[in-house]
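What follows are several structures.
In the two complexes below, subunit A is the common chain; its partner is subunit B in one and subunit C in the other.
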Partner chain A sequence: MRVAVHRPFTIGEVELKSRLLLGTAQYPSPDVMVRAIEASRCEVITVSLRRQNAAGGGGEGFWDIIRGLGLHVLPNTAGCRTVQEAITVANMGRELFDTSWVKLELIGDDYTLQPDPIALIEATKVLAEDGFEVLPYMTEDLVVARRLVDAGCRVLMPWGAPIGSGQGILNPYALRTLRSRLPDMTLLVDAGLGRPSQAAEAMEMGFDGILLNSAVALAQDPVLMAKAFSRAIEAGRQGFEAGLIPSREMGVPSTPTLGTPFWQQQAAGKEEGS
Partner chain B sequence: MSLTVAIVGSGLLGRMLGVQLDRAGYSVSLFDRDQKDGRGSCSYVAAGMLAPTCELDSSEAEIGEMGQRSLRQWPRFLEKLPSKVFFQEQGSLVVAHRLDRGELSLLQGRVRGRIHDESLIRNVSGKELGELEPDLEDRFSEGLFFPREGQVDNRGLLQVLTETILSRGLEWISGVAVDQISPGEISFGGEKRRFDWVVDCRGLGAKTDIPELRGVRGELIRVSAPEVSIRRPVRILHPRYSIYLVPRPENVVVIGATSIESEDLSPISIQSTMELLSAAYAVHPGFAEARVLETIVGCRPSFPDHRPRMYYQQGLMRLNGLYRHGFLIAPWVVEMACHALKQGEPSAEARELGLVF
Partner chain C sequence: MSQDGCLVKILVNGEPQEVGLNVSVDGLLVSLGYGGKAVAVAVNRDFVPRSSYPQTRIQEGDEIEILAPMQGG
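Moving on to the complex of A and B:
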C-alpha cells in the first residue's frame, strides 16, 4: 500500500497549509505564547480546558487571548481519566469555542501519561455519534488505530514518546507500520518530540503533521523554537514528497568515476600517499 | 502645603507606597474596597518568596533585575517599620527526585541563559545539600542553590504596615469601592474628591479601566509541621508542577502555589490539594503528621507579558499587574513611583527595565 504523496492536509472539512499544530500551555506568559504561535505560522492551536474552570467562565481573560488569535481551536481533554470526564470536557470545548473538533486525551497511567486505549475507543464512539470530529491521542498500536477508524475517526494522533518527555520517536517501526497500513488516514505525531530534527524525521516517514507543546513552550526562546520546528516540519514534508533515496550498505560515489581523467586519480593517489 | 495623594487599592503595593510617600512629606489618603486586615488582597495569599534568580525560570531578565534591586532594599525598608517582620536571606534550594532530574537541567539552562553573574546559582551535590538542610540529607542526589534569595512574611508585613499607617494618622477609607479614577479626582459612594495625584494600586479591581488585566488563580496550603525542620525555601520540581515549601517561624510551612488560568476564587480543588501535599510529603516524610492549618486561594493580577506596568500622566499614575511578583519587586516599584511623583516624570531606570508603559 502506498501513501499518496501529494495530497492536501485536512482536518474535518478544513484544508490547512501548515502541518504544525501547537499547544498553548506552559509558556512563560500569554504574550510569549502569542509570539511563538505567530512565528510558527500554525493554523491550529490546541487548548486544555480541564484545569481552567471552563464551566465557571473563570478563564475568560485567557480565552479572549486565544480567540483573539483567529486560528482554528482544537480543545483538548488533557488530564481526563474517565470516559465521562472526557465527554463532559469535550462538550465544554464545543460550547466555549464553537467547534466540533476535540483532541481526545484519556490518561491511563499517571507517570508515563500513556493513553488508555480501551477508554479512548469507548469515548470516541460516544463523541463521534454526537457529531464531534474526534482526534484521538493514542499509542502507536495498529489494532487500536483500526478500532478508532471504525468508531469514526478521520485523524489519528499516535505518540512519539510520552507527553513532554522530549525523547523523540521511540518506536519508528510501529509508526512506519501505522503509516503503511493506514495510507489514507490523516496521521499526526502528537507528543514526545523534543527537537526539530525529530519532527523532521516523523514527517519524512510520511506523517501528515505534528502536534507539539512542551518542546516549544519550555525552550529558552520559545519564539525561535517555534520557528525552528515549523521549518523542520516543512523540510521533513518536502523530503517525503521529493522521495527519499533508500539507504545502502555500500558507498556509491555521487560523481561517476567513469570518464574521470587519469591524472586526477593519480593526483588523488599521490596526495593520499604523501 | 504638602501635595495630596489618593492611593486607590491598599494591598502590598498601596500600603508600602502610602508609608513611603507619607515619610516624604505628602498628604496621603488610602482607599480600598477591602478591609484593613488585607484579607481581600492577593498579597495576603502570597508565599512572600524573594527569588529573583530562580524566578528567571519563567520570567524575563528584567524581572530578575527588579527583584535583585528590591532584595537590597527590603532590609532598609523593614528596618524603619515600628515592629519586626520576619525576613530571611539565606538562599533558596531547588531539588528534584531522580526520575525528574531532567527538570533540574531544564531550569538551570533557562536561568543561566538570563544571568550574567554566575555566583547567583550553584550546583550542589547531595552531601552539600545535607550540609545546607540536614533534614534533606540522603533524600536527593543533587540540587541547585541560589545563595542570594530569601523570603518575607507576607501577612506579618501587611499587619505591621496597617499599624504603621494607622499610627502615622494617614486617612484610610476601607470597605468602600472607588467607582471612578481620573487625573486628580476619584469618586466613591456618590462622592467626588480632588487630589494633586491619584495613584492606582489596585489588583484585579483595575480591570474596569485596564481590560488587558486578567487573573491567574493560585492556591496555597499552610501547615504546621513540627517534624520538619527546613530553614530556607525549597522548590521541588516535577514534570507537571513546581512547588515551593516556605518555612515560617513556629513550624509553619507554606506550600504553594498552583497557577491556573482562571479568575475563579472558589475554594481549593481536590486535585490541587493532592498535588501540593504530595509534593511536600515527597520532599520530607515528616509532613505526614503535619496539620493543615488553612487552604487559601487568590488571583494574581496579570498582564499578557506577566510584567508590571506604570502608566504615567499628570495627576494620575497607575501601578498594576504585579502578577506573582508582588513581594519580589514591590520595594523597587515603590522607589520608582516616589521618584516619578517627585521629579514629575518616570526615571530613566524605570524606562530601561520596561516598567513604564
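Moving on to the complex of A and C:
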C-alpha cells in the first residue's frame, strides 16, 4: 500500500500547515514558552487540567496567555488511569477549552508511562460516540491501532519512546509497519523524541506530524530548539515527499562513467594482466 | 446558602471542607472563591456541565474536583 505523499495535514476537519504540535509544560517561564511556541510556528498546543487554589487565581493567567496566542488547543487527559477518569477529564476539557479535540492519555504502567491499550479502546468508543475528536497516545501496536480506528479515531499518536525519555524512535520497524498498513490515517509520533534528527527520521518514514514537549521545553535554549525541531520536521517531510532512494550495500558511482578519463588504458591494462 | 443551617462534610480537590446542606455547585464555587473563574467540575468522578450547576446539590461525603487550565504535554 502506498502512502499518498502530497495530501494535506488534517486533524478532523481542520487543515494545518505546520506539522509540529507543541506542549506547553516545563518551560523555564511563561515568556520563554510563548517565544518557543512562536518560534516553532506550530498551530496546535497541548494543555491540561489540574487542581488549583482559587486564591492563586485559578488557571486564569495561563489560560489568558494561551487564548492570546490564537492557536488550536488540544487538552490532554494526563494522569488518568481508568476509563471513567479519562472520560470525565475529557468532558471537563471540552467545556473548559471549548474544543472537541482530546489527547487521550491513559497510563497503564507508572515506570514507563506506557499507555493502557485496552482502556484506550474502551474510552475511545465512548468519547467518539459522544462527538469527541480522539487523538490517542498509544504504543506502536498495529492491531491496537486498527481497533482504535474501528472505535472512531481519525488520528493516531504512537509513541517513539516513553514520555520525556528523549530516546528517539525505539522501534522503527513497528512505526514503518503502522505507516504502510494504515496509509490513509493521520499518524503522529507523540513522545520520546529528544533530537531534531529523530523528528526528521519519523517524518521521512511518512508520519504526518510530531507532538513534542520535553525536548523543546527542557533544552538549554527552548526557543532555538523549537525552531530547530520545526525545520527538522519540515525537512523530513520534504524528504519523504521527494521520494527517498532505496539503500544499497554496494557503492554505485554518481558521476557518469561514460567518458571517464584514461578509462581505455586502465581497462586494457587490467585485461592484459588477467 | 444552607436551607436549615446544617453542615455537611465533603472533599474538595482532596481536602476536607464543610458546606451548607443542599448547596448548589454554583453556590459552592462562589463560596470557595472560584465564582466566575475558568474551571470545570466533577462530582464523585462524574462530569457536571456548567448548565447543571444550579440544580446539582452537594450531599454529605461528595467528592468534588474543581479543575483549571494548566500547562500540559
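The rule we apply is simple: the second predicted complex is superposed on the first by the 254 of 274 C-alpha atoms of A that agree within 3 Å, B and C clash if a C-alpha of one lies under 4 Å from a C-alpha of the other, contacts with A are read in each partner's own complex, and residues count from 1 in each chain.
Just so it is clear, a residue touches a chain if its C-beta (ideal position, glycine included) is under 8 Å from a C-beta of that chain, and two chains touch if they have at least 3 such contacts.
As the structure is a prediction and not an experimental result, all values here were calculated from the model.
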Contact-wise, after the overlay, does A:46 reach subunit B, subunit C, both or neither (first, second, both, neither)? second
Thinking of the overlay built on chain A, is A:220 touched by subunit B (first), by subunit C (second), by both, or by neither? first
Determine, under the contact definition given at the top, whether A:76 touches first (subunit B), second (subunit C), both, or neither. second
Between subunit B (first) and subunit C (second), which does A:28 come into contact with in this model arrangement: first, second, both, or neither? first
With both structures superposed, pick whichever of subunit B and subunit C touches the larger number of subunit A residues. C
First (subunit B), second (subunit C), both or neither touched by A:177: neither
If we overlay the two complexes on their shared chain A, which of subunit B and subunit C does A:96 touch? Say first, second, both or neither. second
On the A-aligned overlay, A:60 touches which partner chain: subunit B = first, subunit C = second, or both, or neither? both
Subunit A positions within both the subunit B interface and the subunit C interface are 51-52, 58-60, 62, 164
Applying the document's contact rule, which stretches of subunit A touch subunit B when the two form their complex? 28-32, 34, 51-53, 56, 58-62, 64-65, 111, 164, 166, 218, 220
Per the touch rule, the subunit C residues reaching subunit A in their complex are 13-14, 32-34, 37-42, 45-47, 49-50, 65-73
In the complex, subunit B residues that touch subunit A: 58-60, 99, 102, 106, 109-110, 113, 213-215, 217, 239-240, 260-264, 266, 271, 302-307
Please give the residue numbers of subunit A that touch subunit C in the complex, ascending. 23-27, 33, 46-52, 54-55, 58-60, 62-63, 66, 75-76, 78, 84-85, 87-89, 91-93, 95-97, 163-164, 191, 213-214
